[in-house]
Structure formats: C-alpha cells, structure tokens
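This is the structure I have questions about; it appears just below.
Which chain is which? They are A, B, C and D, in the order written, and residues in each are numbered from 1.
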C-alpha cells in the first residue's frame, strides 16, 4: 500500500528495515566483525560498540505463524511472539551474542525462548536493569550492572575496553541521537520536507544499523532536507504514543487516508523513546555516565513510577511533545495483551481531555486490519475536522 | 435531486436512496465480496424505483468495504454516518449511538446536529459478536432471527464467560453436559454477549438520548439485556427505519449535502481512490 | 473381539454425532447428524439412520458403546447405553483399526483438536489437547465458508487455487475471522483468503503437536481431515508425513466399538 | 512409586484451622474499621516489617491475598468489580487481581473474607509496595490516582534465580528500603523505631521459615496436607506476617502437622497418585478440578505457589535446587542488631522466595519443578498458567510442558486467578480427566514393563 518516496537515502533506510536480518548478516559476513542482537532498548549499546561489536535490534517479521504458541503462552503480545519466532526460525543464527536488559516480562520471555530453544544458551547475556527508573539507588546499581556486562564482553572478545573506547562509542551514539532529533524537529514545521512515516522508518533503521554508516547517511539526508522545499500543505496532525511498533504500515496508513492527515510524532520504544536522550560526555566515570544517560530516558511504561508520588515521568515528556509538535489528535497504539501501555492510557486520557485533544486506540497484532484501522483513523480525522452532513 | 448511500458491512451490505433528502428506496443484502455486494445492494434499491445507477446524482460509501465501491464519489466512515443517520431518524436529542454490527461494535458520541465527537471501537477480543450469533444459531439449529426472542423466555439461566464469544460458545456447548434446557443456554449466551457490549458502551459513556443501530439492534435477546445491564433505555426503533440501514442513510445524507456543496472545493472529505478510475 | 456380534458405536461431539454399525471387524453402515442441543435425540437419529441403511434392527445390536464429549448423556432411555469410553481412547483404537501401522492420531474436530500417541495395541501413551484460544477451529471453518458463500468443500478447493500467501492474525478464530473479513473488504482474492483460513487451522494444529513427540505413522482424523487443502499443508508444518484415515470422522465411533471388549 | 492400597482412613481435621481464619479476618476487620491508626496498602509481596517501625497501630491490606479471598467469598461481587474496572478503562488483559482491587475502589466498597461488605472504601494513608511484574506497580499508581494521590513508594525487587546471593542486587534493594524508611518518616511525620522494626523483621523471617517447614512435611506418604488446605493456610502469612500472633499460630500448625506425620494421618488420606502442581490458586474451577482428582484418589501434594509465595527453603545449593526447609532456630540466632542488618536479612529472605526466583528466571523455575517432582515422588505434573498473571510464569509452564511430557504424565490447562470469564472450565475439566487417565496408563505401563 506504500508508494516509495523519491529520496534514495530514505529508500536505503527503508530497505534495511524491510530486510533487517539480511542487513545484519551482511555486517557479520566475511569480515571479522562481531554482531550482537539486543531485545530491549535499555541495553547499553555503547559498551558493545566500544568493544567493536555491532548491536542490531531484534524486531518482528509480521509473518503470521502459530509455531511460537507451543513455546510461549497465548497471552504474550504478538511482538514478543514474533521476536521469539526469529530465533526459532534460526533467522539470526549468525549472531555472536543475544543480549537483553531486564525488560517487560513479555519481551523477557522472547529472550528466554532464544536461550532455551533456539540454541543461544552459550551466547546470551541478561543485564539486570531497574524496573523502576527513578529510585536513588538505581544509578549505582546500573553502573555496577553495566560494569559486569563490560567484563563479560571483555572476556568474550578477550581484549579490554578502555575509557577511550567507551568515550568514542558514546560520541558516535550521541551523534546518532542528535541527528535523529534534528530529523524529527522537521515535523514541527507546517510543511516539512520529509514525512512522519519516513522519519519513523529512518529511526527504525537506525536501531538495526552500524551507527557509523547510519550517521553518515543521516548527515547526507539532513543536508539534502535543509535545502529541499517543504512538501504540500499539511493536513490534520496526528501524534502516536504507545508501545513497540515496527509495522511501518500503520504510519503509512495515517498518511494514505481519504483525508489529508500527517504523522507528526511517535512516542514509542521503536521511535522517539529509543533516542530521545544523551549520555553525558563530560563525566570522568564512563560507566556511570552511560548509566545516567539510560536512566534519564523517556521511561518505558513498564518502568515508570516516581518513588513517593507514583507519578509517571513519561507523561511530562508527552505533554512537552504536544506543546512542541502541536498535534490535533492522538493515536494510542499498544500490543494486544500488553498491560503497562493500556494502564497508562487510562491516566493519559484525562490529560488529553483537558487539552481538548481527541484520540483513538489501535490494538496491535502480528498483522494489521487495514480497513478497520483506516476507519478508526478517518473517523478521528472527521471528528477533528468536524465533518457533518 | 437523487443521492444515495451504500454501507458495505462485514455481514450485510445496505443501500439507501434519497430524493430531495426524502427516503426513496433502500435495500439490505448479504455481503460476499465488497464490490459485488455494492452492486447487488445498489441494484436491489434501484429496482424498487426503476432507476439506473447513472440516474443518481451523488453516491457516498461507508462501512468496512467502502473503499471497494467503484461508483461512490466519496467515502465517509461509519462513525460519522452512524451519528448522522441516527440523528436524522431519532432527532436532535440523540447523544450516544451504539452501532452493534456483524463484525464490530462501536459506541459513538454525537451532537444534536449528528456530528460525531468521540467513539470507541471494540477491542479485538470483543470482535465478531454479530456473526457469532449466526454460528450459534446454527449450533442450536434455530433461525438467527428467532434466537433473540427465545433468549428472553427464561430469566433464570447460568452465567457464562462474557469475555470472548469463542469461549462463550464452548461454555454454552458444555452446558448441555449439565443438562441445562436449550432456552436457558440461548439466554445465557445472549446475556454474555450483551454484557460484553454493555461494558464497551459504559466504558465510552452513555449520554441520553441513547439509540442502538446496526444488525444486532434487531435482536431483542441482546438489546433488552444491554438496556437492563446499563440501566438505560434506548429510544424505540422507528417503524419506518430498519436500524441496520442507519449508516447507509447517514452516507446518503452526506451524499446529498456534498452534492449541494459540490461547487465549494474546500470540502474536507476526500474522494475515494476507486472512483477516479470509474467515471460515472 | 467376538467376530460375529453386530455392534454400534456412537461418537457424540460438540458439533456432530457420528454413528457406526460393525459386525466384528466389518464396517456395515454409518451416519452423521448435527448434535444440536438434544443429544439423546441426535444420537437416536444417527443410530437409526445408520442401522436402517443396512437393515439392522435395534434387536440385532449386541451392544452400543458411546464416546465423545457428550458420551455420558445417552445412558438414559431409550438408548440406555451402558458402556462409554473417553474420546482419546476411542480415537486411538479407531485410528489403529483403520491403519495398523499408525501410532499417532491427530484429531481435528469441531470445537476441540488433539493429538494422541499409542502403542501397537492401541494403549494410550500420551495426549495433547488444544489451548483455549484455539477452541472452535471446526466451527470457525464452517463459519468462514458461510461468510464467503461457499460450501466447506468449495472453500477447500478454492484454497488450493490460491496464488498468494496473505497473513492473518493467528491468535484465535475470532481475530482470524475479523481479519479475513478485513482482507475481503480490501478486495483481496477470496481464494487467498480461503487459503489463509486453512493455513491458520493447519498452523494451530501443528503448533499443538510440537508439544509432544509424535511417533510414526501419523494419521489424521476428524471432520476437518476431509479438507484436501489442509492436509496438503500439515506435513510441512509438523515436518513429518501424515496420511488421512479412510472415514476420518468415524475414527472415534469405530474405536468405541473396538474397545467394547479389549 | 508408592501405593496406598490400605483401607481408606478418616480424613484428619485441623485443630488450628479456625485460628488461621480468625487471624486473617481480624487483620482485615482492623484495617476496615479502625478509628485511628495508620492504614498501609500495597503488595504483601513487599517486606512488611519496615511499616511496623512506624508504631504499633500500623494496619496493612495487601493486594493479592485480599483480591483472592474476596473472589472466594463473593463471586458475584468480584465479577462486578472486574467489569467496573474495565468500564473505568483498565486494560481487558490486565491482571484480574488488579482489576478486582481497583473495581472495589471504583465502586467505593470493600468486601472481606468474613463475609462482610463495607460501603465506602477505607482510604489508605500510604501505599508501600513492590514492582514485581510489568503491571504490578501500575496497580497502585492507579489506586493512588483514583483516591486523589495517595503517597506511594514502590520497591524494585529485581528478582531472578539466585538473586539473594548477588551482592549487587541485595545492596540495590536494601538501599531502596533504607530510602523508603526515610520516606516513611517524612510522609507520616512519625519517628521510625528500629526496635519495633527489628522485632517485626525477625517475626517476618520466622513465619516464612516456619511455613517452609510445614510444607516440607508433605514429602511424607500420605502427605498430611492437600492443596485446598495449603491454599487456605498461607494467606495469613501474606496478610501480615510480622506479628507475634502469626509466629504463634504457624508454630502451632507446624507442631500439629508434625504430629499428623508421626501418626500417619492426612486431611485427604486417599493418595493413590501424588501430584505436583505449578499454577496460581485459581479461585474459580478449583473445586471442580479438585473433585475430579479426589475421585481418582489423586492429590496435589506440592505446588510452587502455595509453598513459595510465603515460604523459604534452602533454594540453590551448589547449582541444584533443594526444597529442604531452613531451621527455625537459625532465625532466632540471626544477628539483627542494626537497622541495616535487619534490612539485608529481610531482603535476602524476600529475594529467596521461590516465586521470586521463578518470575524472571526460567532455569530456576525448571530446576524447582525437577526437584519438586523427585523430592515429592510425583506421579504427575499439572501445569495451570493464569491468563492474566504475568508473574505466574505462564511462559515457563509452556516450556516445561515440552520438557517434562516425555518423563512424567504432564498436562497443562488454562486458568485465571480470579476472573471467572477467563477460566477455561470445560477445557480444564477435560484435561484433568485426561491427566488422571494418563497417570493410570503410565502406572499400568510401568507395571507391565
């Protein structure tokens, strides 16, 4: 349903998202290059990168299959089922390592499937990471936990990771984050030179890529965009917030309705939450710095609980994004069977109501019911544009 | 001036034709493939008034299959159409519309002008209630039009899971083992489905006046229970309007007004991709 | 088993009731009727139609054995069935009777599907039954055929003509149904939709099977075994050869008769 | 393989039973009706002793045990609570304990085990809880939000096999609790008494160890206790295990069960088959399933949920799990002289709970199952994942089915802890009947060979 954009760089990014594991394979092929898969975005990629390992995120394939149903309970989300499937299908046997950090339970189980049943027992690592990001002791704990991960990697590659290595990796990754941020900033414009789905696609690709290559491509892209004229006058501005969604079809759908509507922001761990933070570069202790960076992120709803008040820190970010990107409507997306996400929606709706922003909820599965979601989105636009006979 | 609306639903397809805004003809046929059903529905309605497709000035399509209707000039969501149709039928006091269709249940909030202001779509596990009624009717070897009345014959019946129509079906089948009379099993199944729908309505919020449209609106076994669970009664259905036609009527009203506003290019509704390749 | 005796087996499932008349090892007649909500009546009709068809009177029947989910409900008059066997036991015996080399039977019924492993004497070794979300595959199959305005036979044949794999949500019959409808509303070729429906059923059954080690030969029973399109898919899905039993939907009823004595 | 072909004995009836029931409902009544005192809410899967440092008038109510017992006492109310929570917008797939609990808040009434319903939800002064699964701390965030912002403090118990032996994790959790104690002082304006705290801490640890000892006696044949009693006897320890009274009743129970074992008595003497059960106590359907088993002389003699939710065992001893109990005397000798000592002793005990170990560690769960099957000489393994419980290691069970099926009769059926709508009763009954049949066939097979 997606007509390809003209921009060749964006095409290259899109190609990577569509052929994720082929790209990852190409990284490892021939060369001495080590490649690691990661399942939760709280894995400190910098540490892997400093050791010369390229981290690639494991995402879903949207192949409808029942195979995983006899490994994982029905009531785990389709995203975790699909990621588990990648392992069971041996799509990623070439990986040298699979890593995750204490994540939501569903994704944790996807990781377990790889370890137990897909032959990764001997090449896997689970990084203990807080389930509440905002406690005082979290900092020290994460630094120590990352330290142990660093030692594990040093043993694996049997060469030590120096502070310089870490510093370089931090700079490369921060660079990616800054470039991506600049890309998303375009969407604040009334007629940006790039569309929301394109930005989302590029962001998704960045999670699969060697960051050096990624940064080069991003810089070229930004150069072109800065000179490129904006696209046609934009329509209704829709912001997406919720859980992991690597199905770009949904975002394309938003821009291919029978009305003119635009995707202007995506708050999810496959989009903004992946990169909307930086690791401080001026700290003497690099591990502490990385810990500080990762704890300062937009929290995943499964990890968001400010001690003392129970406040959700993520809501502050969302309100900021609403101020900056000025959406006319909000689209909640979450995986069917996910619990943290819908439980945040309950508390978010009153906030949107106060702001007078209408919303709709899309329940994600392996595949998307295009006509149903299309109807929901068009109905949302009709409400925003006050359509009546 | 003749305007028409077609509603290609998951289970049935409907057409409503208006002459100068007044009801002229309508039809309801089973949905097979959307395009073919669109023609069948339209022709059925046209047949009543000896008109041809080209005699119609403007056609709007709604429903799940709306993008597959080649002869439609515009498409409008069944949310907007449901609200518009309901207010046209029941008047400006309508605020909450439950559209209980074959595949999905939607709850629509609207203004006195029939403009939708918010809606709630059923969650995946509550899908297919309408169609499951047909499967259930087959299992009990009764007519789908009959079971609704049978369901109301017993006020005492075992409670079965209302979370998912497939579970409910298994549980209903299993009640046979405990020798529960068939009427009670039918009642139990209807209550469960009604409870599931009522939860959606309450989740979205019921504001008076409340009306129910869509195919299930014709099943008293569901509707009466929904009302009693919600402790709110809907406006009585109008004899002259089959509630299943409400969205199609809404589409026809949109067609009517867009025809009048045709000159005005600032219309917010887009033109369906299909009709570009299908000059009328 | 006493070779002379004429016996009847009744397999009363969620959806259909199957009756089987046998003289010793010889199959005389059989018949299937929908179970509906009057189990006793359904059982009687099935039994009468099966026996009348081969000119056997009730008096000539040495005994009736019932199996299936509702097996206990016909212990009452007029049938007064005294012997019942669990469906998995009957399935095993029946499958072994219909195929001496079979050691595993996969039974795909209207509401429940299961895989049963047994030894050369038809003694149970292990059984796996479907998860809750996979209930009602048979009913789903019927419903989808109806939704497409086809007979089950036609849907299966149409699926074989499919040229394109279209994905549909695998969670349960419900999601699959609404996505199949969604595909039709997108204008997807219904042959491909039919294929997707059968693919889902095959996938679910195969997934269940992998929880248990299946021993060769593997045979398929139950109403859905009659779908050629489904059977074409199964072997690749469970990565083993499978064959369809002759009279697949009667495995249980036959097994009931066989297990009458030993 | 043990055969119990002796003549059927009279089922033993527990003398301490009523004391347990009374203790539990007294705790709830106090929380509901106390005119003064400090009302504390939260998961009783948290260490509770710190709350007791705030004074002798601290009243606690815990999410899971309350939801579970309410569901047991008021099936219809619970249905309404859960749908009220869904109407209020909570996820259709969220934890049903959570929804029942929030449903009561929404409906502004509360129902307790002694059969009473109180109109007007008793507002807690503070929420002290843990984060154990992806939705668990959301639970109290929602309660806090709905009650207008109750101060809450959630402790991240980052579990996983052997966590209690990982100094990094122990320190992390201890630090959070020290922070938490300072927070408790701030939010209540009370001075924290280390004396009261340490006393409560020792009681808390003692009760957990005592329960472990009680469970361990079920290794004998016949097992003195059955699943029904086990399910009923551990909740008091979940409700409030910090009081002298809890220690007293659990010591009394241990004494009584020891006597049962010596005299070869059991609450369910007919035990032709011994079953190990992995699953949460699903309130609905449990009687039906139990009946099928009892008719076949099959009893659940051990389960990770009843043993390991409020009980401690030796756990991993050089790589292998052991269900051996800990010596109660060890608790009396524990050095709890300082606040930090008491905190870390508590944290080690809490992180050592088998349930914790299993929640995020499939290998620990698998080892527990293996050990339980051998130590309790099980004839069958029954797996009953709960559809809406993330901590019920649903996934572990599916994996375990694959692993154990070739070794021992293993059947898995679907349940839900308190949501009757999600309990697959027909399927569970079918599968339990099958389970019994498989155990019979297996035993016969073993004899033939």
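The rule is simple: contacts are C-beta pairs under 8 Å (C-beta built on N, C-alpha and C of every residue); 3 or more make two chains touch, one makes a residue touch a chain.
Fair warning: this is a prediction, and the values are worked out from it, not measured in the lab.
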For subunit B and subunit C, chains touching each: A, D
Winner on C-beta contact pairs when A-D is weighed against A-C: A-D
Distance from subunit D to subunit A - Cα centre to Cα centre, in angstrom: 36
Approximate Å spacing (C-alpha centroids) for the pair subunit A, subunit C: 45
Distance from the mean Cα position of subunit D to that of subunit C, given in whole angstrom: 41
Between subunit D and subunit B, distance of the C-alpha-averaged centres to the nearest whole Å: 47
Interface hub residues of subunit C, defined as touching at least two other chains: 69, 131-133, 135, 169, 171, 175, 178, 182, 185-186, 210-211
For subunit D, residues contacting two or more additional chains: 88-89, 92-93, 387, 398, 402, 414, 424, 427
Multi-chain contact residues (two or more partners), subunit B: 64-65, 67, 104, 123-125, 167, 170, 173-174
Chain contact topology (line, ring, star, complete or other): complete
Residues of subunit C touching subunit A in the complex: 131-134, 167-171, 175, 178-179, 182, 185-186, 196, 199-200, 203-204, 206-208, 210-211
Partner subunit C, residues of subunit B touching it in the complex: 8, 10-11, 30, 32-35, 64-65, 67-68, 103-104, 124-125, 127-128, 131-132, 134-135, 138-141, 164-167, 169-170, 173-174, 176-177, 179, 182, 185
Subunit C contact footprint on subunit D (complex, rising order): 387, 398, 401-402, 405-406, 409, 414, 424, 427, 430-431, 433-434, 437-438, 441, 445
Contact set on subunit A toward subunit B in their complex: 257-260, 336, 358, 360-361, 363, 365, 371-372, 374-376, 378-379, 382-383, 385-389
Subunit D-facing residues of subunit C, complex: 69, 86, 88-89, 112, 123-129, 131-132, 135, 210-213
